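The following blocks contain the structures, represented as structure tokens.
You will see subunit A twice below: alongside subunit B first, and alongside subunit C after that.
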Partner chain A sequence: MGIRFDKLGVVIAAITAYGAFLAPFATFRANRIVAGEPRSILEALPSPAGLVLLVILVAAGLVALFKTPLAARLGASAIALVSLALLIGNAGSYLTPEGNTFARISPASGFWLLIFAFTLLLADVLTRLQLSPVGRVAVLGIAAAAVWLLLASGQWDSLSILKEYANRADSFWNEAKRHVQLALGSLAAAVLVGIPLGILCHRVEALRAGVLNVLNIVQTIPSIALFGILIAPLGWVAANVPGASALGIRGIGAAPSFVALFLYSLLPVVANTVVGLAGVPRIANDAARGMGMTGWQRLSGVEFPLAFPVILTGIRIVLVQNIGLATIAALIGGGGFGVFVFQGVGQTAMDLVLLGAVPTVALAFAAAIILDAVVEQVATRRSTTVAA
Partner chain B sequence: MIEIENITKRYGDAAVVDDVSMVIEPHTLTVIVGTSGSGKTTLLRMINRLVEPTSGTIKLDGVDNRSVPGHELRRSIGYAIQGNGLFPHRTVAQNIGTVPLLLGWDAARIKARVDELMSLLQLDPAAFGPRYPHELSGGQQQRVGVARALAAEPNVLLMDEPFGALDPIIRTKAQQDLLAIQKRFGTTIILVTHDMEEAVHLGDRIAVMDAGKLIQYASPAEILAKPATGFVETLVGASDRPFKLLSLGEVRDAVEPGSADGEGIAAEASQRDALAELLWSGRAAMPVTSEDGTAIGRVTVQGLVKRAARPQ
Partner chain C sequence: MKAWIPLLLRLCLLALLVAFLSNPLWFEPLLKPLTQNGAPAIYNQGSLSSLAFQHLRTVAIATAAAIVVAVALAILVTRPAGVEFLPLSRSLVNIGQTFPPVAVLALAVPAVGFGEKPTLIALFLYGLLPIFENTLTGLTTTPANVVEAARGAGMTGWQRLLKIELPLSVPVILAGIRLSVVISLATATIGSTVAAKTLGEVIIAGLQSNNLAFVLQGGLIVAALAVLIYDALSALERMAARRMGQGARNA
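Right after this comes the complex of A and B.
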């Protein structure tokens, strides 16, 4: 029997080899803004931890390289990821000189490449396991719990990004709350307006092309330009409509951010509502009329439930898109994780940029997994064919 | 009784249904036959006002069908269509209970009615009730469609090519079931089809439509014997007219005294089946048995051939 390679495994093994032996594992900087010095795994970790990590990485890379049972691949990726997550914390405390509060230790390209390689392996295994939607959310929950445990245990406290966090713990949670409020609030508003608008477009054919074209044009306006465009009208509203400024409506700040995100959200919601309703089997609709359902009963009892999985797909797109876009809101004083990103860029402090970027990516990723699971759960109960 | 009086439906200048008048007797099965585009489906859909007529009136038991709102009218009339139009997101039991729910029946009454109809159509309520339509075969879906149409005990049932999507064997069974249901509930059924064979087999009366006009409205025997126009004759099919005529009669009406050898045929079988069996087995006569299995006489090729001739 010949040795058989796994196609994806070849890529993973190559990345692992480069990440473990050639790329730096951690970066040491004397303070938060100077250029860093690279440190390899053996330099960054006390003996024998560095050697143990290398052995684990080589073994896991070999498991990925050859055609091996799924259980072995799952174990290899999990062990590699956990070791990397634990030991990067050790590198932080090992490399920081005793009593020095200015030095910054951050993960370097090798670490990120290794994380990427084994996350790829894990994702591949989970796909091949064909987990149910509930199973996938459970895996997400386990991963989130593991990260929370590591954060709570203080294992990572000596890493630069958490030092940035420690300096801004209060404002971090304020901005996190603002970020979620912006993303979810504008989504809720888009659903409340977009679904009825989509239904209207479905019923009134004359409206359809016009509404969808306008929303398409809105979608193509760059986000920063849209913020700029909104400053004038919202400023006017704040100045001239009684009570508007008391509600927090101003030319800059949260209000224009909210409005911009809302406008971007409308197209996916309206378009998916229209597509979903158009996909309702004509014959089911005819039967519903023939049995004496009123227009409203057909909409709520037949058309909407059948279109719902498609509409939900639109909501998923909007949520993930909004979590990312809300970062830009910080530019006009809207708050959110973008605050750290733009502050970090201004101070050339990459760790601060990461403090804003990492939670944003994690949120978007989690939202995508959860809503994908919900979409699948809703869709599997329904068949797409009606006729015999 | 359904009285259709001078009903016309125009789309623009084209009359899809053109000045049609006919009276449908209660407790009968009327078949509307025609080619596609003949206006037969439009005529059917004007009875429950899925299509509003341009002019003319339709009365149900003497009452104009426009005297109640359309959706209320439709709840009182059964409606079954080709491909059945079951709701894919609702279970079989929920599908069947649709109209009773719209009418506000209580849950116990709906469940009792759903179970009754499913049993009647040979679908085990416990096994099939909680399933979704896509988990059923085509024949089972069609039966659920009929059960759904009958759920609110309508006096009138409209069917638009209800058997169009079924294979021949299941179709024959479905047709038998429909005749049994009609007998049991006495429902007035109006069925649209393009298949004259089906029309002759099922119909008490047949209405032939062409280009929006009602060409002939008569009993199957009369349609076969005296087609009003060349179009009707074509639709009937000249080559198997005699066999269609035989298929209308039961063997019991063709029994002659005497006896014959070999396997017998049941008295309630059609004369067409009897002739086919005689020709196939190469016999001139065969015994006829009644329901309790006793011989009541025989049928002969000669006697059947006489009956297959054009009525004078």
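Right after this comes the complex of A and C.
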């Protein structure tokens, strides 16, 4: 039968070869804002470690290149990713001159390309394994635990992004809390308002087109403008409604951010509620009617449970979207991870940008995987109960 | 009679938009109450019409690139040679969408510098998913009997793709492009945080100088553009669907 190449493996092996031998592994900078100097793997790591990493990368690349069993590919991608994650920390401490607190070491394009290549391999293996929803969340949990271990062990402390973190540890967790509050709070408000509104739109046909059109138009207003437009009305409320400012309602800051995120969240929730309810089979409704169920009983006992997976899909869209949009809140003093992103852009300090962007991406990614798993779990359970 | 009303409303909106872009000073009295301490009511650090033009150009370039790549990718993974990549490409494009636009913009800056380029990259990445998903749907839901008939008529794989599968998928692909354009129009404003010349510049200037009139005019121009383009593309889509429907009936 001979040796056969894996089509995706050819791509992965090519990226690996370029990332390992041609692109810089780490960047050395004399301080946080000057231009960096590239360092290859052998320059960035003490002598045996660099060679070991190259051997691991070449071996893993070869496993990817040929048609190999899934278990081997899983092992190769995991080993490559773990050694890259461990050794970039070593590069940090090796390249930092003794006692120098200004020098910054950050991962360079080669490192990111290698991470990308082996994440691609891992993603391919996981897709082919067709994991159950619970399995996918478990993989996410393992990855999160591994990253937490690396952070807690101090292996990455000499890297630039963690030096930025060390300077801002308190405000980091404050902004993190604020970011999650904004994203989840506006989602909760949108669910509380959006589902009843969706049910109303389903029942009252005259209302449906109007409500959905207005919400559609809200979505076309660019996020930074909507955040800004809300400053005026909320400022007026704070000044003129007694007790409003005591509740924390102000023209700038978290209040307009919260309202803007809430408005963006409404469309997916309302639209999916309407679609979900419209998709309830007529037979199910007729049967419930025949059993003498009242309108409310039908809604809570038949229609809503059957529409729930679709509504949940809407909630998934909203949560991922809100986690991303909450970064904009920083522009109007609303806090969140966007604070670091915009500060970093302003100071052209990319490590500070990363300090804001990496947690945001990680949160959005985790939310997407978890909610996808929940949606799938709920949908399969519904279909089996309906079939039974 | 009633069918004319929405069209009339859109024409009014278009007229209003053109009037505002070509002669913003006419609208100054309307926006003046929103400013404080005698601040200017109309954006004065550049011409609104040229910003709108640059905004549309950025969106057009990014969308054109996204269409080429997404459609090519969807064709590749639906051919026998590329079917291996189908599940992976689906999950990759899905993962790509969880990246927040601000993060993509900010991370692209060290690689390509400030200005239009990071915005183009972010818009391109965001534009991919809807077009890819819809092209995939279009290509995989072509009626099997039509494809069989084409095969029976002796058409090669390429001929089937170009003469049967792609034309039949055009309405669905157009729907994806419409979604992608509307998302891009709004996202392009964020590009101004990394110094891209778009209408976001007006909004950000308003946020920085606490001038609500700027924020409002920037936001409303983008929203009006989005609504008009959305409607125009919907009309195009309906036209394509009608033609495809007739084509299928004649065949």
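We take it that the second predicted complex is superposed on the first by the 383 of 388 C-alpha atoms of A that agree within 3 Å, B and C clash if a C-alpha of one lies under 4 Å from a C-alpha of the other, contacts with A are read in each partner's own complex, and residues count from 1 in each chain.
As a working rule, a residue touches a chain if its C-beta (ideal position, glycine included) is under 8 Å from a C-beta of that chain, and two chains touch if they have at least 3 such contacts.
If you're wondering where the values come from, they're calculated on a predicted model, not measured in any experiment.
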Touching partner for A:127 - first (subunit B), second (subunit C), both, neither: second
Which partner, subunit B or subunit C, touches more subunit A residues: C
Partner chain(s) touched by A:75 [first = subunit B, second = subunit C, both, neither]: neither
Subunit B versus subunit C as contact partner of A:320, first or second or both or neither: second
First, second, both or neither for A:38, with subunit B first and subunit C second: neither
First (subunit B), second (subunit C), both or neither touched by A:293: first
Complex contacts: residues of subunit C adjacent to subunit A: 34, 82, 84-85, 87-88, 91-92, 94-95, 97-103, 106-107, 109-111, 182, 185-187, 189-190, 193-194, 199-200, 203-204, 206-207, 212, 215-216, 218-220, 222-223, 226-227, 230
Touching residues (chain side subunit B, partner subunit A) in the complex: 48, 50, 70-76, 79, 81-89, 98-99, 102, 132-134, 137-139, 141-142, 145, 148-149, 158, 165-166
Interface residues, subunit A side, partner subunit C - complex: 7-8, 109, 120, 123-124, 127-128, 217, 219-226, 228-229, 231-232, 320, 323-325, 327-328, 331-332, 338, 341-342, 344-345, 350, 353-354, 356-357, 360-361, 364-365, 367-368
Subunit B contact footprint on subunit A (complex, rising order): 281, 283-284, 286-294, 297, 302, 305-306, 381-388
